[in-house]
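So, here's a batch of structures to check.
Presented sequentially are two complexes of chain A, the first with chain B as partner and the second with chain C.
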Partner chain A sequence: MHLPDGIVPIEMALAGYGASAAITALALSRIKSMSDPQAEIPRVAMMTTVFFAASLVAIPVPPTSVHLMLAGLMGVMLGWFCVPAILVGLFLQAVLFGHGGITTLGLNGLILGLPALISFGIWRTAAQRWPDIAAFCAGSLAVVTALVIFAAIVLAGLPVTLDASAERVALGVFLLAHLPLAVAEGVIVMTLLRMLRRVEPRLVPHA
Partner chain B sequence: MTLRSRLAGLAICAAGCFTPLVALSHAALIEAETAQAIRLHAFYDTGEPMAHAQVIIYAPDDPSSPWGQGVTDRDGWFEFIPDATEGRWSVQVRQSGHGAMAHVQMGGDAPVIITASGTQSWLQRMVMVALVAWGALGTALFVLRKKGRSDASA
Partner chain C sequence: MPSASARHLRALTPRTLLVMALILAFGVATINSLSALPVVVLMAVTAVLVSGQAYLVLRRLRGAALLALAVLLALSLVSGQTVLAQFGPVAFRLEGFQVGALIAVRLVSIVALTLALLTPLSPFQLVGALRGLGVPALMADLALLTLRYLDEVGTELRRAHLARRLRAGRMGWRALPDYAGLLATSLIRAQARAERLWAAMRLRGYDTGLAMPVAPLRALDWLAMSAALAAALAVVWLDRVL
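Take a look at the complex of A and B:
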């Protein structure tokens, strides 16, 4: 779920860069205020690689297929680090795989960065009491939130020359096809965190 | 009835018989000519065709307003015949927020040059993933080493 170049007007793409820069600045200021942010770098590097490679995994949802997003996992595992990590991952995906555009990098950062931060909030709030539920909700809601932001941006940027009703129908089919992904990513995050809590609890933040 | 009036009556009957025939007979004509068409195949990187996706065509002399529009067929194919305008024609295919742009250079006797994003093989993709993983691993090890040194000196 990446916006390619040329899909939205350039004004929207610039606004996306502005909003993404604001969120990144906020995230960096929070990271700077941490006691030892350098200690998190190895984990951030590894998770960025996982996020980068995840876009290659296509899950068949007839009649189409959907790609893994892992925004929820990024938010849970990295906290505020998820914003710069997702931006780096998106940049690499755009340059190396052609997934998403360079002009729309800011908008794509918002589409996946904001849900990741929401997942981080859910996990931080509820991880102590209901870790499994919190993990599942973090993974699933990230997908749903990303879908909502993606659809809103696409609809807001529809050119007047385009058949808007046909595009809305196609977008509806696209969103429905991604609903199983919401469940799948919820299960992935829940399973992974459950496994990490047993094997290496130090890797699980806020648990 | 005189011969003159008979002839006049015959002329009126003939006009009455033939005039409706002329009015009703829409002759179908065909003029055939050969033309250079551009045919596109739009598909996702998973190989699925972009069925019934919207197509917007931009002519070289006005890249901001569409020259023509259309819809791909169920297999993702679309074709059109550009006019004589020389230069770079741009064709965008989009569907549910996804899409791609292809450029077709048309001009004189020069060969048609088509530029569009190509697909990568799985081997290429795996090499890229491995390179990024290597870069991340290097970053992680570099930070850990640096941190270990600073901890030791403290």
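Take a look at the complex of A and C:
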């Protein structure tokens, strides 16, 4: 779910850069306070590669097929590293493949980064007591939050000359069409974390 | 054999090309009047031709062009009062078409300019340019390692999907746990690969980052950045006066 170039006013695009920079600075300061952050770089890069590659593969979610977002899973598995990892992925997609946007990089960072951090918070708080519920919520709420932020940005960014009711109907249809993705991601994250807890528990922090 | 203009473009440092792409992209993003659109289109077409890789840029531009067309069609159909053309119950409206055209041209032009300037760069040069612009070493290293292993991991995942289909795996919603299994396997492999990589990096004396040292800016680089800034300011000015 990427906001393309040219769709929002430049003021919003610049504000997005500012907000993303602030969140990244916060994430980097938390990362620096870890005991050996450099040792984490290869692990985070490898995980980012898997998430990036997996999001390019379409999986069938009846009645159609979808591309997974995996922001929630990134939040759970990478913690504060999810913010720089998401920004790196978005930048590479924009400049190498023309997906997303270079002017909307900051806004796209917010659309995916904030839900990932929320999922990280959910997992850290509830993983010990209710791991399956926490995993499902982390996966599906990330999609719902990203949809809400995306819709809010588009509604605020489109010109006022447009028919507001038509805009709202179109966005409503868009949100409803993505709800199966939220459920699918919840199921996938729950199943995946259950498997990892059993087979390779050191991959799942806070569990 | 690249043209003279393409050779000049390649003589610029990666950092300069990235700054030029950002300046021009933000310049185009400011456009709000339809009369300035031909200027923006002309600028994008010139950049694509000068890049010397027009075919590659146009191929990568397909996704953005399709999205722009979808935005144009959707806005023409759902928004506005003045009917431009009517086909049975379907009416194309002027106001929606105007906003759609503005968004579509901005979108395609920004992507074309970005790709024209950055396509000639290797991923390694691109990450070096990021580092030169002050992006933290951690993020630059993440970008480099992600790019380095993307092909390998992508091929692995596609092979696993194919194998699942050949085994006549479950379909629809019931297939989701199988996909979770594929992803879990990839993550476990990624962890093992990361451990080997970290050991190798430490043996090679990894300390201050993987990105290549940043080349200093020369007169030609400053000239090119100034030209990009002048072009962006001209676009903003034209948008105001036209």
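Everything that follows uses one rule, which is that the second predicted complex is superposed on the first by the 193 of 207 C-alpha atoms of A that agree within 3 Å, B and C clash if a C-alpha of one lies under 4 Å from a C-alpha of the other, contacts with A are read in each partner's own complex, and residues count from 1 in each chain.
Operating definition for what follows: a residue touches a chain if its C-beta (ideal position, glycine included) is under 8 Å from a C-beta of that chain, and two chains touch if they have at least 3 such contacts.
These numbers come from a predicted model, not from an experiment.
Enquirer: With chain A superposed, do chain B and chain C clash or fit?
Expert: clash
Enquirer: Once the structures are superposed on A, label A:96 by its partner contacts, choosing first (chain B), second (chain C), both or neither.
Expert: both
Enquirer: So in the superposed three-chain picture, is A:3 touching just chain B, just chain C, both, or none of them (first/second/both/neither)?
Expert: A:3 contacts chain B only, not chain C.
Enquirer: Using the touch criterion from the header, give the chain among chain B and chain C with more contacted residues in chain A.
Expert: C
Enquirer: Which partner does A:31 reach: the first (chain B), the second (chain C), both, or neither?
Expert: second
Enquirer: Give one of first, second, both or neither to describe whether A:84 is in contact with chain B, with chain C, with both, or with none.
Expert: second
Enquirer: If we overlay the two complexes on their shared chain A, which of chain B and chain C does A:144 touch? Say first, second, both or neither.
Expert: neither
Enquirer: May I ask you to decide whether A:170 touches chain B, chain C, both, or neither, giving the answer as first, second, both or neither?
Expert: both
Enquirer: Identify the partner contact of A:196: answer first if only chain B is touched, second if only chain C is, both if each is, neither if none is.
Expert: Only chain C; A:196 stays clear of chain B.
Enquirer: In the superposed arrangement, does A:74 touch chain B (first), chain C (second), both or neither?
Expert: The answer is neither, since A:74 touches no partner chain.
Enquirer: Considering only touches as defined above, state whether A:59 meets chain B (first), chain C (second), both or neither.
Expert: Touch partner of A:59: chain C, not chain B.
Enquirer: Kindly point out the stretch of chain C, out of 148-156, 184-192 or 220-228, that overlaps with chain B after superposition on chain A.
Expert: 148-156
Enquirer: Between chain B and chain C, which residues of chain A are contacted by each of them?
Expert: Residues 4-7, 38-39, 41-42, 45-46, 48-49, 52-53, 56, 92, 96-99, 159, 161-163, 166-167, 170 of chain A touch both chain B and chain C.
Enquirer: Which of the residues in chain A come into contact with chain B in the complex?
Expert: On the chain A side, the touching residues are 1, 3-7, 38-39, 41-42, 45-46, 48-49, 52-53, 56, 58, 64-65, 92, 96-99, 150-151, 153-154, 159, 161-163, 166-167, 170-171, 173-174.
Enquirer: Please output the residues of chain A touching chain C within their complex, sorted ascending.
Expert: Of all residues in chain A, those touching chain C are 4-7, 10, 13-14, 24, 28, 31, 37-39, 41-50, 52-54, 56-57, 59-62, 77, 84-85, 87-89, 91-92, 94-99, 101-103, 158-159, 161-163, 166-167, 169-170, 184, 187-192, 195-196, 199-200, 203.
Enquirer: Applying the document's contact rule, which stretches of chain B touch chain A when the two form their complex?
Expert: Chain B reaches chain A through residues 45-46, 48, 52-54, 56, 65-66, 69, 71, 92, 94-101, 117, 120, 125, 128-129, 132-133, 136-137, 139-141, 143-144, 146-147.
Enquirer: Going by the contact rule set out above, which residues of chain C touch chain A in the complex?
Expert: 21-22, 25-26, 28-30, 60-61, 63-64, 67, 71, 74-75, 78-80, 95-96, 99, 103-111, 114-115, 118, 123, 126, 130, 136, 138-139, 141-147, 149-150, 153-154, 156-158, 161, 171-173, 175-177, 179-181, 183-184, 186-188, 190-191, 193-195, 197-198, 201, 206
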